[in-house]
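This structure is in structure tokens; I'll ask about it shortly.
A, B and C label the chains in the order they appear, each numbered from 1.
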Amino acid sequence: MLEQQVVNGLMLGSVYALVAVAFTLAIGILNFLNFSIPGLFMVSGMLTWLLLRQAAPWPLAALGAVAAAGALSLLVERFTYRLMRTSEHFVPLVTSMAFLILLENLMLIGWGSDQQRVPVPFGSASAHLGPVIVSVPQLLGLGCAVLAVACMDFLLKKTRLGRGVRTIAEDAQLATLLGVPVERVVPLIFLFGGLFTGLAGFLFAVNYQQASPFMGEEVALKGISAMVVGGMGNIWGAILGGLLIGLVETFAIFGLGARAVDLCVYGALLAILFVRPTGLLGGVSRHQRM
Amino acid sequence: MKTSLEMRSVSLGFGGLKVLDALSFAVGSGERLALIGPNGAGKTTVFNILTGVYAPDAGQVLLDGADITRLASRFRIRRGLARTFQNIRLMPHLSVLENVMVAQYAHTPGWLGMLQPVGFGRANRWRAEARAALEAAGLGKYAAQLAGGLPYGVQKRIELVRALAARPRVLLLDEPAAGLNPAESEALHEALEAVARSGVTLVVVEHDMHFVERLCTRVVVLNFGCKIAEGAVAAVRGNPLVREAYLGSERDAA
Amino acid sequence: MSGYLEGVLALLCINTVLAYGAFLPMSAGQLNLGIAAFVAIGAYSSGYASNALGLNPILAALGGFAVAASVGWLVAFPILRTRGIYLALATFALNQVVQGTILNVDAVGGAAGYPVSAHVGFPVVAAFAIAVFALVAALFHTRFGISVTAVKDDERAADVMGLSVRGMQSAAFTVGAGLAGLAGALYAHYFNYIEVQNYGVLFSIYVMLYVLLGGTQTVYGPLLGAALFNLLPELLRGSAAWRYVIFACLIIAIMSLRPQGVLVKR
């Protein structure tokens, strides 16, 4: 029974990990807490539901959901980071919050506040590993998360683009002076964040067969906790943090009941912020504007 | 002459870099001391230690004989130590008048002092005092304007008025003449002469040697965080160590 | 006055008190992303006081202020040691933790909501709103107004100029938390029903956004923000969700064009 909980926790954790990566890219590189990410997560999840209930094949639904999140992330960039240079420091954070409100309420207007049931595209295929049952989509989810982060890691460390990104993370003005095409790279960073978030939204909708306009608030927001616990600015920290928070949540439900989840997940965030703000894998701790 | 301000064997390092190395000097009451040296010698760091922005790794700072080495920054102005900044640090969202009034808090510290009304009417005592100081400095017309948008030379003069609003006994001036044209520089000299004549001890960090010569009686020369010379301006000028320190930096600058 | 109109005005008054609760830390340069937590603390503690302890609702409301301010004072020390993003994160985490905690307290209804029996009439609510506005406006006409803006503009320089930066930030945070609690208590006793689910981070976001919309440079900005947020939608009709859509678009536009908000100094 316990092993099953661990597996469930890791599977949930892979969703959190993807969202945490999106958050951590924004904070680590752009020093920007991007509150629109839960909104993108929700759009992706809802779009997955919409497409699957029209009996679209699941790869199409995945593509659609991820692409939508990516496209929206570029829109967010246009109104947040691009203004950061010319404005007060809190503007991008505030605008990203406005996007979250905008997306959630547009969705409420369009489809109401009910939680929707997402049809399962995989049947009930599952694997039995010893005493533990893992469903195919769950496995897919974990695999995707790790693969995506590994690719991101490779990109950041081994490519020219990655070097440009890391220069921007150090000092954005310096990056411009050094010839890094900041106006092209920054939207790319947002796009990656959007794609990760979109993937997370799709996986959540398909694994847990639910989508609602509130799923951003209820699920993706925990990605912030995952990001900080793992270490802000560190994408492997985001994976670790995500898996840990997934475990915390699962065991909180298992041991204390559903009502204790928020307390445990965000209690962990609060604790880490006071005890070891750089998180488990260290990470960015330089001057924190907003 | 009574010693007003003193640094005893102060050292400070950042990472592996030693910024100040066992630095000692003293300023007498009513004296005008210049602190000079090439860029990077540690002059602003000295001011930062004197005002409590940094705590030294070793050594002491004494104000009127009392050890203030560990005293928090905000208490030092209340004890009569005020400063101006190398990069002007006025509050951009306050008016010029309000900027000057910030320093008045030193006279009325504590919660009761914080809750003193200053907002309504010209009759308010604190507003009147600040306005008078600005008028005396020829800056009265800027009183209601936000400090953020004003010309550099004007902002520098406002900073001086602000520092003086605390009625300090010791005034630290970080490159007060930098960026000023000759007319402004002359006006500054006049203003500082008047301040010094009223009994305020001056410590001035400056690169403009002509300005230093006219205003100050004694000079301390720093290089790489150490005192390399001290004495009357003329004597220091002839010092070969000082020439080398500056010649080196002049060569680089040329 | 019709019941509906009175309800709208009462909500405006409550939101005005709340706006000043959010404004105070902002005036010192701090964003309290957990303001909803203090609203909840004030609402639930005052509700419990009047329900279970039989306290007069006005006293209970003042009690709500006190409890929220005390919690604010307690967390101000650890939280204000953090800076920038960490401060935003810490206040956010606090919000969720408080919400999560109340959810588990069955004595106040937990997830089912908490009915509050004692009622305060509109005149009481209006009186509180006017009093809060007058007091905050008066406060900003004291040396505090100048000093807190100095701290927000340049902490280092303010410190050297003799101001107690940490003291002022703590005070602003604490009193702000108290006002948020007072707003929560007034809501609890006017509308007589509170639900902990309403006090999540999105609520904090709404409050912050309308204060920023009004402008944080003057003490009249929050009043304008609260008025815009409450009254404009009444003029526009439409569902609650449409109001928020318009509000969000307004914020995005304002942050692009005029991030200082509507009311600025000079």
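As a working rule, contacts are C-beta pairs under 8 Å (C-beta built on N, C-alpha and C of every residue); 3 or more make two chains touch, one makes a residue touch a chain.
Because the structure is predicted, anything quoted here is derived from the model rather than measured.
The set of chains in contact with subunit A as well as subunit B comprises C. Between B-C and A-C, more C-beta contact pairs are found at A-C. Comparing each chain's Cα centroid with the centroid of every protein Cα atom identifies chain C as the most central.
Ranking every chain by how far its Cα centroid lies from the centroid of subunit B, the top place goes to A. Subunit A and subunit B have Cα centroids lying 50 Å from one another. Rounded to whole angstrom units, the spacing between the C-alpha centres of subunit B and subunit C is 41.
Rounded to a whole number, the gap between the C-alpha centres of subunit A and subunit C is 29 angstrom. Residue positions of subunit B in touch with at least two other chains are not found. The multi-chain contact residues of subunit C, meaning those touching 2 or more other chains, do not exist; every residue touches at most one other chain. Counting partner chains per residue, subunit A has no residue touching two or more of them.
Listing the residues of subunit C that touch subunit A in their complex gives 31, 78, 82-86, 88-90, 92-94, 96-97, 99-101, 103-104, 110-111, 200-202, 205-206, 208-209, 212, 239, 241-242, 244-245, 247-249, 251-252, 255-256, 259-260. The touching residues of subunit A, when paired with subunit C in their complex, are 27, 31, 33, 35, 79, 83, 87-88, 90-91, 93-95, 97-102, 104-106, 108-109, 217, 221, 224-225, 228, 232, 259-267, 269-270, 273-274, 277, 287-290.
Contact residues on subunit B toward subunit C in their complex (touch as defined above): 51-53, 73-78, 83, 85, 89, 91-95, 98-99, 101-106, 108-109, 113-120, 126, 144-146, 162, 166. The touching residues of subunit C, counted against subunit B in their complex, run 138-147, 149-150, 152-154, 156-165, 168, 217, 265-266.
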